[in-house]
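Across the two complexes that follow, subunit A remains constant while its partner is subunit B and subsequently subunit C.
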Partner chain A sequence: MDLENQTRIKDLTEKYGNENFIVVIGGAEAEASGLTAETVSTGDPTFAGPLSGVSLGLKAYHVFELKEQVDPDVYEEQISMMEMVLEVDEIIKEVKTYRK
Partner chain B sequence: MLKGKKVAILGDRDGIPGPAIEECIKSAGADVVFSTTECFV
Partner chain C sequence: MFVNSLPFSTFRGDDIMNYPVVKGAAYALIQANDMLVHHGTTQTSERRKNIDSEHLQNLPKHLRSFEAAVAYPPNQVYIGNIPPDELKNYENSVQGASRDGKYGEIMPEDEFIALLKIVDVFDLVILEEQFQFEVKGKIADHPVLQKLKNLDKLEKQPSSFEQVQKLVDDHLAQPLYFKAKLVGCVKKAHDFDQALSDHVMLENLVSKASAAFALQLLLMKTDLQAEDVEYIIECSEEACGDMNQRGGGNFAKAIGKMCGCVNATGSDTRSFCAGPAHALIEAAALAQSGIYRNIVVLAGGSATKLGMNSKDHVKKGLPALEDMLGAFAIHIDENDGLNLVIRTDGVGRHKIGSGSSPQAVMTAIVANPLDKMGYKITEIDRYSAELQNPEITEPAGAGDVPLSNYKMIAALGVKRGDFEKGELAKVVAGFGMPGFAPTQGTSLQGFHLLVMQGK
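Moving on to the complex of A and B:
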């Protein structure tokens, strides 16, 4: 996860807390999506950025998981094409791991 | 679940970019407080 974005997420968590603030990711594959989810939840596993050893406890969702809550027309227009080409189940399974 | 939540969006240039996620999240009634598109190259 981009180091600059780690700083932004850290600052936003300080501002909003981790109850009412979530992260939504759009990663193309499971491993990178999981890495992002892990970084905002328990800290940067690569120990490269400002979230190294910092457990924000944020919940991260991949946008695929939120399909039911999004306006169907908007989802169709913005997401459905990528939903057809990416490994949706694999990505969701990996991202979910970090919300337990 | 999304309604009324503050949301940070981390899009992916090779996956779903930030602006596309933003449209979705707004339609679900959440408040987007940060949106970006990462590039893993």
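Moving on to the complex of A and C:
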């Protein structure tokens, strides 16, 4: 996750606490999405950014997991195409592993 | 934007003879291992953080030889020796591969360093005298480069190794290495103006030199004469100027001057990696309206992007595959009844209000123009998306970009009812093609397939 975003998320967590704040990911690949989920839960595994060794304990969801929460017309317009393109199950499976 | 090759298309509406054509294209690759190590930003950033890092220590063991780079199948596709569709037949290096291509050439780094000096009009490039002498001979013998203007620059200012080292040590210049030896440098162009720093001068000269090479290849390999070029549109991602006008520009005319385009004017178009798409539309408009004849769209390569994903490549035991600078030059002109037609009635537009989700983008630039022309997605025989080499991008976690793009186009087709979801993979296999281009930003590879099929 880019370093600017790591800083933003760290600041927002400090402000709102990790109970009131989730991270929604739109990654196209399981590995990259998993990396993001890991970064916001147990810390930046690449030790590149402000979340290196910082365990925020945030829950991350891929937008594919939130289908039921989204207005069906909006989902149809913005995401339905990508459901046919990406490995949806693989991505969801990977991101889920970081939510304990 | 859609391009048809006559006579296989059916036209609805406008008279075909109005559309402008693509008359020729040239593609240049320059292997630049030392620039990868010393100027690629993944490496320069790493050096800032940790000069003894594991990555910097391991990287030199992953640099390819020039011969290996020439024989690498995607590079042979890029210069026009293998059609993109045949890439699937190659698992290993191409036997007997040549650096000379039907539509371009692959150049080694020492010749490119000489080219930096040739295109440098402000005496910023200083070369060590022995290196300069040796490389001067190579350039004089080169069938394409020997025709460039300013070859006599290679007689000027030969320097001692110590002089070059001192300029670099005093932070007055960026080093130029060849096979890990210091052979020259690029000086800053002003005492304190950041827009004229040694970094910027190096980046801009790399862009200029590689674009000049591509333009010269176009002039030598096609019938286009330098003096017939009326307009040049340069569309790289660099900016040239000074502290009062940081991106003032006009790489275009500077590049044209190197190749003798004495009757051309020009300008620079910027839009990151979408620059060439915009530039081509502009060129097509200029040609179709009759404002200019013989327009060239061109762009040079980027030293900073070299080895961008090399950390992942090294970690996974691959060679540093991003060792190639890429450049291209495309010739657009009024319709001649012979060449590939540009369907200016089918230009997509990703509007400011379109939204940035992949679906919004694809709808704006693929579905909408097809609707305008009255075509179904399946009525287009071939699509050419951003053709980045998946061998480069997959190890870095960015997937297969061309394949993703084709899947998206096909998914749009499913949503529009052009075919069933179950046929998606088959449709993609039919209209797609494998990626092969280096991750150099603006390498307009889409034209490859069309140019090769057309000729």
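In this section, the second predicted complex is superposed on the first by the 100 of 100 C-alpha atoms of A that agree within 3 Å, B and C clash if a C-alpha of one lies under 4 Å from a C-alpha of the other, contacts with A are read in each partner's own complex, and residues count from 1 in each chain.
Note that a contact is a pair of C-beta atoms (placed from the backbone, for glycine too) under 8 Å apart; a residue touches a chain by one contact, two chains touch by 3 or more.
Since the structure is predicted, the reported quantities are computational estimates derived from the model, not experimental observations.
Novice: Of the two partners subunit B and subunit C, indicate the one touching more residues belonging to subunit A.
Specialist: Between subunit B and subunit C, the winner on subunit A residue contacts is B.
Novice: Which partner does A:L66 reach: the first (subunit B), the second (subunit C), both, or neither?
Specialist: In the superposition, A:L66 touches subunit B alone.
Novice: Just subunit B (first), just subunit C (second), both, or neither: which does A:M82 touch?
Specialist: It touches subunit B and subunit C both.
Novice: For A:A28, using the defined touch cut-off, is the partner it touches subunit B, subunit C, both, or neither? Pick first, second, both or neither.
Specialist: both
Novice: One more residue to check, A:T36. First (subunit B), second (subunit C), both or neither?
Specialist: first
Novice: Share the list of subunit A residues that count as touching for subunit B in one structure and for subunit C in the other.
Specialist: Correct list for subunit A: 28-29, 32, 77-79, 82.
Novice: Under the definition above, what is the set of subunit A residues touching subunit C in their complex?
Specialist: Within the complex, subunit A touches subunit C at residues 28-29, 31-32, 35, 77-82, 84-85.
Novice: Along subunit A, where are the residues that touch subunit B in the complex?
Specialist: The touching residues are 1-2, 5, 8-9, 12, 16, 20-29, 32-33, 36, 63, 66, 69-71, 74-75, 77-79, 82, 86.
Novice: Quick one: which bits of subunit C touch subunit A in the complex? Just the residue numbers, please.
Specialist: 355, 357-360, 362, 397-399, 404, 407-408, 410-412, 414-415, 421, 424
Novice: Per the contact definition, I'd like the list of subunit B residues that touch subunit A in the complex.
Specialist: Spelled out, the residues of subunit B in touch with subunit A are 1-2, 4-12, 14-18, 20-21, 23-25, 27-28, 33-34, 36-38, 40.
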